[in-house]
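Structure first, then comments.
So that you can tell them apart, the chains are marked A, B and C in the order they are listed, and the count of residues begins at 1 in each.
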Amino acid sequence: MRARRVADRSFSVFTWGMLGLLTAYISLIVIVLFLRVNADSYGDTLLSGRALSTIRLSVICATIASVLALLFAVPIAYQLARKDFPGKNLVDTILDVPIILSPVALGTALLVVLSSDAGELVQDNLVSFTFAIPGIVLAQFSVVVALAIRSLKAVFEQIDPRYEEVSYFLGCNRWQSFLRISLPLARGGIIASFILAWARAVGEFGATITVAGAVSGKTETIPSAIYLGLARVDIQETLVYVLLLVFVAISVLMGVRYLTPKRSA
Amino acid sequence: MIRIKDLSADFDSFKLDDINLHVLEGEHFVLLGPSGAGKTLLTEIILGLRRHSKGEILLGGQTVRGSPVDGISVSYVPQDLAIFPHMGVRDNITFGARVRRMEPASMGRKLAELAELLDITDLLDRPSTATLSMGEKQRVALARALIVEPRILFLDEPFSSLDFYIRRQLIEKLQEIKSTLSVTIFQVTHNHEEAFMLGDRIAIMFEGRIAQVGPPMELQRRPVSLEVARFLLAQNIFEGEVVEVDHEAGRMRTRVDGVCLISPAVDQLSCGQEVSAVIRPEEVHIIRPDRPLGAKVRENLFDGRIEKRIPTPGGYVLTTRIEGLRTPVEIRLSNCAFDDLDLTSKSRVRVSLKAEALWLIPR
Amino acid sequence: MGTRIKGVVLAVGGLVTVLVMAACGGSGGPTLELFVGSATKPATEEVAKLFEERYDVNLELHFGGSGAMLSQMKLTGRGDIYFPGSSDFMEKAKEEDLVLPESERTVVYLIPAINVQKGNPKNIQSLEDLARPDVTLAIADPETVCVGLYAAEILERAGLSQSIRPKIATYAESCEKTASLVALRAVDAVIGWRVFQYWNPDEIETVYLPPEQIPRIGYVPIAISKSSKQPALAQQFIDFATSDEGQAIYAKWHYLTTEEEAREFAPEATVGGEWELPEGWR
């Protein structure tokens, strides 16, 4: 009897301990950073036009990239979750490649392709990607879409196909069933995947800097600003941007959490 | 309405073998079988939700092959009901009508009718289906399926998760509905009572094949195999041999252990054939000593003694040892009959195995 | 229960031992920590290896952008030697009081030039050719990378900054990135160091600038870090790198090791020094 209580207690200690440890670890990092920055550095860095345009660029590009990623990921994940087809394993693996590649590897690959004859053709006639803002979106999209697919696949796999089957008999074609049944039921998961994608996109650095460069005032995102700050040996500025990134991340994540109603599905 | 010919299907854990079924228009057809017999699988195949490997399926005249048919209105209520969790009751029920762009006025009318019929009018405004009881969910699912005026209605174990009393109510509701709407119903169940109360014809399914199809009476009285007999609780089964066939008198005699049992003559069986004799517990009569013998119980009269008495709701099951028969005979009796007969366990009784109800199955 | 706990303890114990041993790794001898700009990486690696073997010293080399390396040194407060890819970062290190100024030595010299794709498909022969509409061009970021600042100065002095600056596709964030932009064929040409060609002879070709267009010759400095606990040993490395033997290795990698050699490309140029980046470039 006693042994059981002791065991239960030690389990509690263990789980609470781990939770506390990790939360403290992350909080400590943020707090130490905060304290390291001089009060006037905040003003110097943040109030400059450069900081505002950097933030704006980062947020807008991440949002566009995430939305695009979701637009692709939702139907793809749905198909992967519902259908079995020959070569599915291969396709699954191919779609996972961007996750495995380091961002710089992915960015380099994109740069090489964009610099090829075919790539040049696209860039001359459609959109310029290399060293331009669309390049930021392309890089972020490429990194993030695979994550979104994986996350959404799990979401759709969780939804019982029975609901869709019943809707076919109630008169839905596959579009109607998808839009009226599958998507609403996946709503929570879609939002969560979007958050995941957005957070990853905002923090994306390696691929972005390779494809779009990190030109101040043109293609500088918050992570690029951090990198450039270190390259300039301007520690204060670097830390301000790091804290900025943390702040942006926390605000968005908290915001979406509060805006998402709890659903019992 | 539904025609299935030589259907076979093979999935990793399950096989369907040579299924042949024909459901007539307007019929209430029940597929009855134990759990794991493959009933849901067969239903999914007929609906086009799964693909079969061999054979032909015609649903309302259209061929089904791995995808739901167009052209004919079919409704499906699966076992878990699949009530849409993200909609309220009214939206759930009217879903099919809205998708098909039914005119709002007639949709409203149909909704009111069905709600009245199924007794769910006061549930219509519930914003969430999560708070409904099983019975209420069942009725909502039915309403959802019926509002689109289907030609065929598929029900998979519609009443399995309900308690006895609610089940009875819903069975009655379904019977009412049948008489108001004209719809062919294909129902899957493992519950005998449901099958017999509702089915115009019943197909018995075991382990991926159909054992027997026919009206309820026929299945009860004339089971085609011991498997079917046992499944339908025709408990009294004796092994014996046909010793005499008298076509003129229309009777045959079968020797079972130390006695001879008389049953109606059947052409397919001949002298010397080994058979199993089956009689339902309800068809074994205890003779009242103070009353004259009725014509139907004059044959197969035996003496015996009650061994065991098991109470059931409304009556008893008596295990009786008959002289000359090795196997004890099970008799079902109502309370009042038991009292009238003034029986106790260990009483000596005279029984008649009603000849008309005795059925022989070749071994 | 008992055996499982024993198992876990053994495993954890084993893991800890391995980690401790790995951390302690290397020979018993002393260790020097170097923060090195990537501009001289292949040559410096060879020099370092030789030094290790010769003097039985462990060298820990950190390679990266000169600025990032300095930031790391500054933030961690450690390091024995700072060996950036260009002089401007040494100036910064001296400003921030992170190195011993008297220990500074010059290791090699750098000549700015035009780097193009191997085979020079666009046939770029001069600075003026960079203004052609069919040529794409990049330089390093003049605000953070030495060779970028040099490129800006070259363009300004040649009077070409009006026509060429708008054409610059991007500002590379490091020396190596500038070279790889050509190697990856992202641009037709960059203004970089002449030595880029030797970093990747299969992909990069150098087109030399006429002496009058080269106002400044770059150099790679090395100095002892103020936080070094082994200044004598650090000095030993510096001496080795600047010795005949060390210099021969750099020469093998096509770096220019004497001022005379460098002046062959630009007799009138200044060695090192500073140049203020005009407003328009910021």
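By our rule, contacts are C-beta pairs under 8 Å (C-beta built on N, C-alpha and C of every residue); 3 or more make two chains touch, one makes a residue touch a chain.
Computed from a predicted structure; not experimentally measured.
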| message | Please identify the chain with the largest separation between its CA centroid and the CA centroid of subunit B. | response | C
| Nearest-to-centre chain - CA centroid comparison | A
| Distance between chain centroids, defined by C-alpha means - subunit A, subunit B (Å) | 56
| Whole-Å distance, subunit B centre to subunit C centre, using C-alpha means? | 87
| task | Calculate how many whole Å lie between the centre of subunit A and the centre of subunit C, each centre taken as the average of the chain's C-alpha atoms. | result | 34
| message | Give the residues of subunit B touching no fewer than two other chains, as numbers and ranges. | response | none
| field | Residues of subunit C whose C-beta touches two or more other chains | value | none
| field | Contact set on subunit A toward subunit B in their complex | value | 160, 162-163, 165-172, 176, 180-181, 184-185, 187, 263-265
| field | Residue ranges of subunit B touching subunit A (in the complex, touch as defined) | value | 47, 49, 68, 74-78, 80, 82, 84-86, 95-96, 99-100, 130, 144-145, 148, 150
| remark: Within the complex, subunit C is touched by subunit A residues 108, 111-112, 114-116, 130-131, 209, 213-216, 219, 224, 227-228, 230-233, 235, 238
| note | Counting only contacts in the complex, subunit C reaches subunit A at residues 65, 67-68, 70-71, 74-75, 89, 92, 96, 138, 141, 143-145, 169-174, 184-186
